[in-house]
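Each of the two complexes below includes chain A, the first together with chain B, the second together with chain C.
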Partner chain A sequence: MRALLILLLMACPALAQSAPVKVGCLFPLSGSGGLYGRDSTVAIDMAVDWLATQEGYPELQVDVQDSRSKTLRSLQIARRFVEEDSVDFLCGVVSSSVALTVSEYARKSQTFFIGTDHASPTLVGAARHPWYFRVNNDARQSMRAGAKYIAEHYKRGAPLRVAFIGPDYDYGYQSWDDIRRFLDEEGVAYTPVSAYWPKLFDTDYSLYINALMQDAPDILVNAHWGLDLVAFVRQADQLGLFQNMQFMNFDAGGNYEILADLGEDMPEGLILSARHHVNWPDTRHNAQFVKEFYARTGRYPSYAAAGAWSGMIAIATAVRQAGGTRDTAALRLALKHLQLKLPEDPEGFSSRMDPTSHQMLQVQAIGRTLPNPDFAPATMMLGDISVYPPPDIWPAD
Partner chain B sequence: MVFAKSWSRGSLARRYMVAALIAALVPLLIISVLYDRYAADLLHRVSASRVEGETEAVAARMSSFLSGQMNRLENIADLPATAAFLRAGAEQPIDDAYFDFLLLEAESPEVYGIELLADDEHLLAAAPSGAGKRESIPVMAPFVRHGGADIIGPILPENGRPGWFLIRMPVTVDNQPLGFVMMRLRLASLTEQMAPLSLPGIRSPQLVVFDRLGVAATGTLAAAGEVLQSSAPILPGWRVQLVAETGRLDAPRQNLRLTLLLLAALLAAAMGALFVQMSRRLSGYLRPLRDGADAVSRGDFATPVPDNGPGELGSLAQAFNHMRRQLREMINSRVDMERRGALGDMAAGIAHEVRNPLATVSTTIYGMKKSEPDPDRIVMYDAITDEIERVDRTIEAFLKYARPAAPVKSRVAVREVFRSLRTLTAARLMERNVTMNLAGESRLEFEIDPTHLRQILLNLVLNAVEAMPDGGVISLTVLRQNGEVVLTVADTGAGMDAPTLQKVLRPFFTTRAGGSGLGLAVTAELVRNNAGTMNIDSRPGKGTVVTLTFPAHKSEAPE
Partner chain C sequence: MLTAVAIAVDGLGFAAWLFLSSVGLTLIYGVMRILNIAHGGFYALGAYASAWAIGLYVQTGNPVALSYLIIPVMAVIAGTVAGLLIERGVLRFMYGRDEVLMVLVTYALFLILEDVTKLIWGTDSYVAWQPAYALGTVDIMGIPYTVYKLAIIGVAVICGGSLWWGLTHTRVGKLLLVVIEDREVAGALGINVTKFFTVTFLIGATLGALGGALTAPEISVVPGIGAEVIVMAFAVIVIGGMGSIPGAVIGALIVGFARATSVHLYPPAELFSIYLVMAAVLAVKPYGLFALSEGRKI
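Moving on to the complex of A and B:
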C-alpha cells in the first residue's frame, strides 16, 4: 500500500505554479549556536543552487532570520513570516524549546513547519499536529540506537550503573526518558544512579562533574550539544571524569563542529554519534556534499547543514509531488510519504518520513573517538562505527 | 671530633646501616610533615569560623534571588492586562502582546513557566504554551507565605524530571480576588548558588526546608549528615546548611593514612633489603682479600685474590696482588742473599779444608807416580789424579756459584764470542755429531763481561750437546729487540718435562751421571750479575730453547 502510494506520488502532476515557493527559516546566526545557523544558511544556498539545475522542481525563495535561539524573538519572526511575508513554509529552529513555541504557532496559523535541526521527540509526539514535519533524526532514534549499542557492547553480569546529564529543557528530559525506555526494551540490566540538568547554555559544569564522579557510574549518558558539550568535555577531562566512567552522547556528540572545536582537547575513546558525519557514510553523495560545503566555506559542515539541506530538498520534493503549494492536503500527503536520498544515507538506504508521527526515519551511526588527521582542525574523528537502521515506524510514547 | 674518629674507625657495615637508616628516615620525615600539613589544612578548611561568613553570604545571595523572582511576579500581578485577562476568564483568548510579555518574562533559564490561574486555581493560560502541562503540585509539598506570596515546594526531581518550586501571588482589584499568577522556577537555579561552599569529599552545602528536606547544590535530594554550619533563614523554615560528608571525609583520610603507613613500611623494608644486599656484595669482595692476607701470613705468596671487584674494591684487590708479588720477590731475594752468604762461607771453608789437602795429595800422587815402575800402579795413580781433578773442578764451580766474580763489563763483539765458542766446542761437537748454526746480527756489540758471556754460552752449548747423545743441531742466534740484546741457544735434544724444568736451576740438581748440578745455576747467576734474564722453554722430545736478554746499553749490575 505504502509502495503504491509512493508510486502515485512519484507520478505527480506537472508543477502547477510558477511563483517561487516562499520559505521562512529561523536559525540562530549569532550567539551560542550561531554556527549551526550559519552552516544551515550555506546548505540552504547549496540546495537552492542544486534544485535550480534539476528539472521539475519549484524555485525556492528562502529568507533566513536570526532567532538567537530566543523563544519570543522566534515567535515574532514566525508571525512576521506568516502574517506579513505569507510564507508557504516555516523551517529550521535549533532549540527544541523554541521549536515547541514556533510549532504551536504553526498549528494555530495553519502553516507548514519543517523542522531541520531540533530533536525533542515531544514535537512529533505529544505536541504533534498536521502542520509539523521533521526531516532530521530525532533524539529518540538516537537513544534507541544508543541503547542497542550498550546492549551489544556491555554484556556483563552485574547491572550497569547508568547516570545522565543533559540540558534542563524538554530535549534533555526526553533523552533521559528514551535511553531508559530503550535499555529496558533491549533487556539491559542497569541501575539509574543519578540524573542532572544543568541549565542550557551553562558555562561551568564543575558542580555536576564532581557530583557525577562521586556517583561513580559505569556509563554516563550525556545529552548536551553545541558549546555546552564543548565546555562540559573540556572541564570533565580536566577533572578526570573520563578515567572513571564511559562517556556517551548519542545525538550530538559526534557532530563535526564539536570535534573541530575541541581539537586536541577531544579525548580518545568517547562514544559519540551525530545526525550527520563528514566521514560516514563513505558514499559519493556524502563526499560531494562535504566537498561542496568545504569549497564554499573553507570548513567542514556541522550536522545542521545536512538538516537544512534535507529541509530544502524535502520542501521542493513535496511541492513538486503536490503540484504546488495551494493544495495543502496534497502537500501534507506528499510530506507524509516523503522518501529522499540524503547525504547521511548509506548505500541501499533512503531516508523516509513516518506518516503517523511526521518524523523522518534515518540510519544512526555510533562510533568511538580515534585519532584522525584527515579533517583538521579536528584531531579525533569517529571510528569503529556501529550502524543502526531505523525502526519501521517511529516509536511513539 | 671524637665522633668523627669513631665514625672513620667504625666498620663499613655499620656505616652502611646508619646510612640506610638515614635514607629511610628522611623520606618518612618528609611524608609525615606533608601529612601533618594536609591534616592541618583540612582542619582549617572545615573550621566553622572560616565558613560562617561564606555560608551567610551564599544565603544572602539566595535570598536576593528569591526576592528578585517575587518582584518579577509582583510586576506581572500588578499589570492591568493581568487583571483584565483574569477578569475575562477562559472566555477570552489571551492577547498576543500580553502573551509575548509573559513569554519574555519566562524566557529566563531560571523560569520554567508562568501560569495564570482563576480564583478557583484552575489553569487559564501558560507561557510558554506547554508550561502548564508540567507536574501538578503534590499535596504534601512544603508551603510558606512570605511577602504577600506563597512559596510552594521545593519539589525534588522525580520521574526523570528536575526539581522545581512555585511562587504564587494573588491578583486582586479593589480587594476582590480575581485569580493568581504563578511562576514555576528551576530549583537548581536556587541551589546552584551554594556551589562555592562545596568541597567534594569533605563538606557539602544543602538547602534545608523545615529541617526535614535537604536539597543538594545540584538540585537533587541530599543525604543527612553532621551539620557544620547553618545560616540565617532565607525564607521562613528555609536555610543553608553545611554538612560534613562523614563517610567521604573519613574514608579518604583513612585511605591516605593507610597508604602513608604502607609506603613507610615498604620504604623501610626496601632499605633493609638494599642494605643486606649491599652488605653481602661487599662481604663477597672483602672475603677473598681477607683470605689472601691470611695466605700471605702463612707464607703463601703464590695465590692471587680476584681483582674484578667494582671501583675501589677492584683497585684494592689489584694493589693487594701487586703487594703480594713484590713481597714474594723481596723475600726470595733476601733468602737468596742469605743462602749465598752461607754458601760463600761454606765455600771458603771447603776451599781451605778440602782443596789444600787435595793439592797435597795430588802432589804426593804425582811424586809416587814418577817413581813407580809398576804399570798397573801407574794406572791407579792416574785414576786417583783424575778423581782429584774432578773434585777440584766441582769445588771450582761451587766457588763460582757461591761467590761469583763481579762482572767487568766492556764492549763485546758477539761475533768474536761466537767464534771462540765454536773453536772451543768444535772437537766436542764433532765427537757427538752435533751441528752448530750461528745466526742473527753477527756485528752486534753490547756491554757485558766478556768472560762471563763466554762462560754462559759455553755452559749452555755444552748442556745442549749433552742433551743430544745421538747428534742434532744447536742454533745460536743474536738479535736486538726493543733496545735489548736477545741471545737464544736452541737444541733439538731430549728436552725436559715440567717438573724437571722447575728444578733445573737449583744447585746440585742434575739429570746426568757425573754432572755437578751447578752448570745452569752458575749460568743463571752470571746472567743475573750482568743485568740479564734467562728463560728456559723446553718440551720433552722437542728440545730446549734458552733465551737470554741483556740490556743493549751499559747498566748497573743488580745489587
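Moving on to the complex of A and C:
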C-alpha cells in the first residue's frame, strides 16, 4: 500500500499553481545560535537558486526572521507570518523548546511547520500533530546509533559505568532517557552513575567537571550543543577529564562549527556524531553542497545549513507532488511519504519520512576525532567512521 | 572526603565569582538606593572588552604573560566610560525618585547596554582562553583546579578587603558610610552627596565590569551573559542584605556552597537549592542577613 502511494506521488502531477509558495522561517540570526540561523539562510538561498534551475518545482518565496531563540518572540513572528503574510509553510527553529511553542501554534492555525533543526523527540512523539514534519534526524535516532556504537565497541564483562551531562531542558532529559533505553535494547551491561543538568547557555562547567571526575565513569555521554559544547570541551580538556573517561556526544558533537570553533583545542579521540558532516559521506552530492556553501561564504557549513536545505527541498517536492498548496490533504500525503536524496545520504540510501511520526529517517555516522588539515580552521575531523542505518519506523515511546 | 573537598573548592570558586559580580550592585544600592539592573550590562561590557582586547593582543603574537594586565585595564575603561555616561547623562536627573521608577530606568539602560555591546562587538562569540590556559591546573587534595580560578578567588579577597579597608580606615570611606547611613544628614553636615553618588556609581560600574573581564578568559562571551549574571547577583545581595558589603560576602558564600553541594550530592536540585536557601533566609530575616537599618521617618 505504502509503495503504491509513493508510486502515485512520484507520478508528479503537473504543478497547478503559478503563484510562489510562501515560506516563513524562524532562525536565531543573533546570539548564541546566530551562526545556525545565518548558515540556514545561506542554504535556503542555495536551495531556492537550485530549485529555480530544475524543471517542475514551484518558486519559493522565503522570508527569514530573527527568532533570537526566544519563545515569545518566535510565537509573535509565527503569528505574523500566518495572519498577515499568509504563508503556506512555517519552517526552521533551532531550539526544541521554542519549536514546541511554534508547533502548537501551527496546529492551532492549521499551517504546515517543517522543522529543520531542533531535535527533541517530543515534537514527533507526545506533541505530534498532522501539521508538523521534521526533515532532520532527531536526538532519539542519534542516541539509538550511539547505543549501537557502544554495544559494538565496548564489549566486556564488567558493567560499563555511564555518566551523563546535558542541558536542563526537554532535549537533555530526552537524550538521557533515550540512551539508557537503547543501551537496554542492545543488551549492554551498564550502570548509570550520575546525571548533571547545567542550564542552557551556561558558561562555567568546572563544577560539573570536578563532580564527573569523582564519579569516574567509563563513558561520559554528553548532550550539549553549540557554544555550550565548545565551552565544556575547553574546560574539560584543561581539567584533564578526557584522560579519565571516554567522551561521547552522538547528536551535535561532530558538527563542523564545533570542530572549527575549537580548532587546535579540539582533543583527539572524542567519539562524536552530527546530523551533517562536511567530510562524510564522500559523495558528489555532499561535496557539491559543501563546495557551493564555501564558495558563497568562505567557510564550511554547520549542520544547520543541511537542515535548511532539506527543508526547502522537502517543501518544493511536496508542493510539486501535491500539485500546489491548496489541497492540504494532498500536501500532507506528499509530506508523509517524502523520499529525498540529501547531502547527508550515503550512496544507495535516501532520506525518507516516517509517515506515522512525521520524522525523517536518516543514516547516522559516528566517528572519532582525528587530525585532518583539509577543513581549516578545524584541525580535527571525524574519522574511523561507523555507520548506522535508521530503523524502519521511528522508535516511539 | 573527596566530595567534601570538591564542594569546598568549587563552592569557594563560585562564591568568589558571585561576590565580584554582585559587590558593585550592593555598593550602589547602599549609597544611592538604586537597584541597578544595568549592572548586568557593565558585566557584559567588561567581558566583551576584555575578550576582544586579549584576542587582539594574543593574535598579534604578543606574550600571554602581559595579557593579564589587559583585564583590569579594560574593566576600568568599560566601567568608567559606561558608568560616567549613565550617571551623568541619565541618573543624576532622577535622584530622589521612587525606587521602583529607578528599577524601570536601570532596566531600560540594561537593554540599551545589551544592544550597545551587539553594535560594537556584533553577535558572534568571543573567546580569550589564553590567560586561563597559560596558568594550567593545580591538584588540591585530588581535585584538579585551574590556577586562574584560584587567582579569581584572590582578586575577590583583594577587592572585598580593599573595600572594607577603604570604608573603615579612610576619611572618604567614613564619609561614605555617613551617606549610606543617612544622605539627608550627610548633606546637612556639608558632605557633597552628589559627588559621592558619582564616585560610588563609577566604582560599582567598574566592579561589575571587572567581574565580566575576569570571567571572560574562562567562557565564551556571547550576547545575553549580562542577563544571567544579574539574576544571580540579586539572589546574593537579597540574602546578604541589600546595600551591605559583608552581606555580599556572606550571600556569595551561601549561594556558592548551596550550588556546589547540590551539584555534588543531588544535581537535579541545583537551581532549586539556591532559591530554597534564599527563601529560607528571607523567611527568618526578611531584609537579608546584614540589612542596613532603616531610620524611622517622622
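Everything that follows uses one rule, which is that the second predicted complex is superposed on the first by the 397 of 397 C-alpha atoms of A that agree within 3 Å, B and C clash if a C-alpha of one lies under 4 Å from a C-alpha of the other, contacts with A are read in each partner's own complex, and residues count from 1 in each chain.
Simple rule for what comes next: a contact is a pair of C-beta atoms (placed from the backbone, for glycine too) under 8 Å apart; a residue touches a chain by one contact, two chains touch by 3 or more.
These numbers come from a predicted model, not from an experiment.
Asker: Give one word, clash or fit, describing how chain B and chain C relate on chain A after superposing.
Answerer: clash
Asker: In the overlay, answer first, second, both or neither for which of chain B and chain C A:E104 touches.
Answerer: first
Asker: After lining up the shared chain so the two structures overlap, which partner does A:E59 touch, if you call chain B first and chain C second: first, second, both or neither?
Answerer: So A:E59 meets neither chain B nor chain C here.
Asker: For A:E186, using the defined touch cut-off, is the partner it touches chain B, chain C, both, or neither? Pick first, second, both or neither.
Answerer: Neither partner.
Asker: Applying the document's definition of touch, where does A:V230 land relative to chain B and chain C: first, second, both, or neither?
Answerer: Second partner only, chain C.
Asker: One more residue to check, A:D45. First (chain B), second (chain C), both or neither?
Answerer: After superposition on chain A, A:D45 lies in contact with neither partner.
Asker: One more residue to check, A:Y208. First (chain B), second (chain C), both or neither?
Answerer: A:Y208 sits against chain B and chain C alike.
Asker: With both complexes superposed on chain A, which partner does A:A195 reach: first (chain B), second (chain C), both or neither?
Answerer: both
Asker: Given 182-190, 254-262 or 398-406, which part of chain B has C-alpha atoms clashing with chain C after the fit on chain A?
Answerer: For chain B, the clashing option is 182-190.
Asker: Taking the stated contact definition, name every residue in chain A that is touched by chain B in one complex and by chain C in the other, in rising order.
Answerer: 168, 194-199, 201, 206-208, 210-211, 213-214
Asker: Which residues, counting only chain C, touch chain A once they are in their complex?
Answerer: It is residues 2-3, 6, 9-10, 13-14, 17, 118, 123-125, 127, 129, 132-133, 137, 143-146, 149, 215, 218-220, 222-225, 228, 259-260, 263-264, 267-268, 270-271 of chain C that touch chain A.
Asker: Contact residues on chain A for chain C in the complex?
Answerer: 29-32, 34-35, 168, 194-199, 201, 203-204, 206-208, 210-211, 213-214, 227, 230-231, 234-235, 238-240, 261, 265
Asker: Spell out the residues on chain A that touch chain B in their complex, using ranges where they run on.
Answerer: Listed in rising order, the residues are 70-72, 75-76, 79, 97, 100-101, 104, 122, 126-127, 168, 170, 173, 176-177, 180, 194-201, 206-208, 210-211, 213-214.
Asker: Applying the document's contact rule, which stretches of chain B touch chain A when the two form their complex?
Answerer: 96, 100, 103-104, 106-107, 109-110, 128-130, 133, 157, 160-162, 186, 188-189, 192, 195, 198, 200-201, 216-220, 248
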